[in-house]
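Below are structures written as structure tokens.
Two complexes follow with chain A in common, the first pairing it with chain B and the second with chain C.
Right after this comes the complex of A and B.
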């Protein structure tokens, strides 16, 4: 569906600024999500307490840490606003498509940063053998982008539901599960498992998946958020 | 186009009798298919050739699931962009049946895996992709259950079903066929014509059951979504002549 007006880019920028302002005003949400990610990294790193994890196993642990961190932090961007009761106001004053894109872009940016932080912590705690730092950094970032855009779409759906936090996780995880394979294969190259061409391919597919979820989510969630709908 | 209540009742009665006839036909066909599938000689090239006949149930269920998933996506898109009570009911019916057939596919697949490959679960790419597909559709049911308001529930379900198409197509058609994916499932099934008849018979029999259940579930779904007062008027089969001249037909308790 075509964007409803020509000021679309400006509307998205406004929505993005609004998210950033809200985050700066109440930082506890971001810190709680980051702390959860840190705890996940420590918990999964315990798997390498006695032995250094193998390349594939280390990649899986890192993917799981990023996955749980993203599935907890992204719904917050949508559901916290729903709980405060400001979501309906946003839908009235802003273009729903732009509001959705703004929220997703903010989620992508914050989760990309968070994934870099988690990767550094994982390297410190789990001490895996690294053969290529490029894939170890780019792999988690691309995985977090792909997962975050899928989780954002699912979070946009559960607004107004009962048990929405749990429901967001339940609906998001099946969407993210196929991405775990791609994430592990991409990051494992950095830990010395697989050819660089495989790593490049996996990272490219994840970035494409992120773009596809963003486009699909904008069309579908934007349509859903429009107020003038009735059967 | 509008029709009189008596005409509507007549068409509903016709639909009900046709559906019953189809159900009887499906029952007979299912019984025939079951007997045939147990009577055909064991195939070759399997670890347990006798129990390879599970395929006669497993493949039809998998194909019907695929069709239902595609139908979910289609009705999801239609209901999202052109909301109608009938499409919402169709989406609900296809979702429920897709979960049912996906569960049957997984169950028969797990049994097949045990007798042919030695373990109930092998992490075979097709097994895994179908498990993920099952989770995607089960999440659709969980999403429906999360909303008390039926209108909101229908809209959200339509949005989810529309978006589900992308990962579903990837899981069904792309992922198991990736060159680097090694599967126990053969690329080309080498069954003889007797086996193919059993598989096709299963597809027709369970396809008919799907049709019967879909028709009934959609009718129920439409009835659930129709406002109660309107429904009572439609179901009122006592012939009271011209309604416009005699609108008050029953006492109202206050």
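Right after this comes the complex of A and C.
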């Protein structure tokens, strides 16, 4: 539990630093998710190899690539802790709220980075017609932030359950589905479909959703991860 | 007021009670040894006392901050001992005193990651993490297993310091550890 004299911002920064060091050095989490996303990009690009994809189709393909990448990487950040057996160490030492926020911030940063990388690769491989690069870059980033914070919330909920990986993905489904529609509508503006006001609205909703999931997840995870308080 | 109090504590898995009606109070200077055969519930009782799992019945009263080290507890394989200690200190809002703890534990290579540590080296780091914040209550599960002579020396030192500062509970079946206790609770009898 958080010591009374602790600085919350310091605790979060420390949790984020620990996540970053552990994940980047272990490599398999970040790189397997990026590789998975890359393979998705190549596969979906091949689907439109002979015909340039339409704006909406291109947006859908890009959203799917980012979605797959996020749903592989985010649950791992949470469930790896449980599977490595470090959950007890985390719970007796760390402020649960700071630990959760640190994990989510790491997930948001790494997924934003991955979404940029995947977008560039998608543009190179699928060669879609682009009318506004701003939406093509900002759309996948905001989509990845919203999905990452939503999936993080679901992953934190199922810590300790049996079949955690499967359960995390199943619970994430209702969270991700509405975001897919928002993501496609936001990115499609960059491919010449829809008005800029629509794109701005969709991106804003996704950023707000990301903040809402983060706030809700912090409260829930903090309560679930705290040391038991007997009645 | 007791530092650690267990009232009518019980834990069951399915229909089988592992232990029931466990009661004790620990004050400063008290050191309770939990002993008993394999499967008698020593580690489970320690986890209940630490708040890592809930009891099936009864209540535990413990301080806000505890030190905890267990044989089956894992550390982060990609982080070094210094990084573990820094992270733990920042989470607890205390000074990390890395040099002091590295010297005391004998884990002098700051860059070596825990994934390359032996079981004994991990045991030393777990002790450092448990005692770093000078908690008023320390819970240890088989603390001397896999420790060499130097490690046992470190454990003896830390437990002696703890006696003047707070209370401790040690789950063990090692006859050598019995000297650390002021009271004994045998489970499974």
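The definition used in the following text is that the second predicted complex is superposed on the first by the 221 of 231 C-alpha atoms of A that agree within 3 Å, B and C clash if a C-alpha of one lies under 4 Å from a C-alpha of the other, contacts with A are read in each partner's own complex, and residues count from 1 in each chain.
The criterion applied here is as follows: contacts are C-beta pairs under 8 Å (C-beta built on N, C-alpha and C of every residue); 3 or more make two chains touch, one makes a residue touch a chain.
All values derive from a computational prediction rather than experimental measurement.
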**Request:** Name the contact category of A:22: first (chain B only), second (chain C only), both, or neither.
**Result:** second
**Prompt:** Just chain B (first), just chain C (second), both, or neither: which does A:51 touch?
**Reply:** neither
**Asked** Touching A:197 in the superposition: chain B (first), chain C (second), both, neither?
**Response** neither
**Item:** Partner with the higher number of touched chain A residues, chain C or chain B
**Value:** C
**Which superposed partner A:14 touches (first chain B, second chain C, both, neither)** = second
**Asked** Same chain A residues contacting chain B and chain C, which ones?
**Response** 229-231
**Prompt:** How about chain A: which of its residues touch chain B in the complex?
**Reply:** 153, 157-158, 160-164, 167, 170-171, 173-175, 177-178, 198, 212-213, 216-217, 220-221, 223-224, 229-231
**Message:** Looking at the complex, which residues from chain C come into contact with chain A?
**Reply:** 47-48, 50-55, 58-61, 64-68, 70, 72-79, 83, 86-88, 90-94, 113, 129, 133
**For the chain A and chain C complex, residues of the former touching the latter** = 1-7, 10-11, 13-15, 17-18, 21-23, 25-26, 84-86, 88-89, 91-95, 98-99, 227-231
**Of chain B, residues touching chain A in the complex** = 80-81, 83-85, 88, 129, 132, 135-136, 138-139, 142-143, 146-149, 151-152, 154-156, 159-160, 162-163, 166-167, 170-171, 175, 180, 225
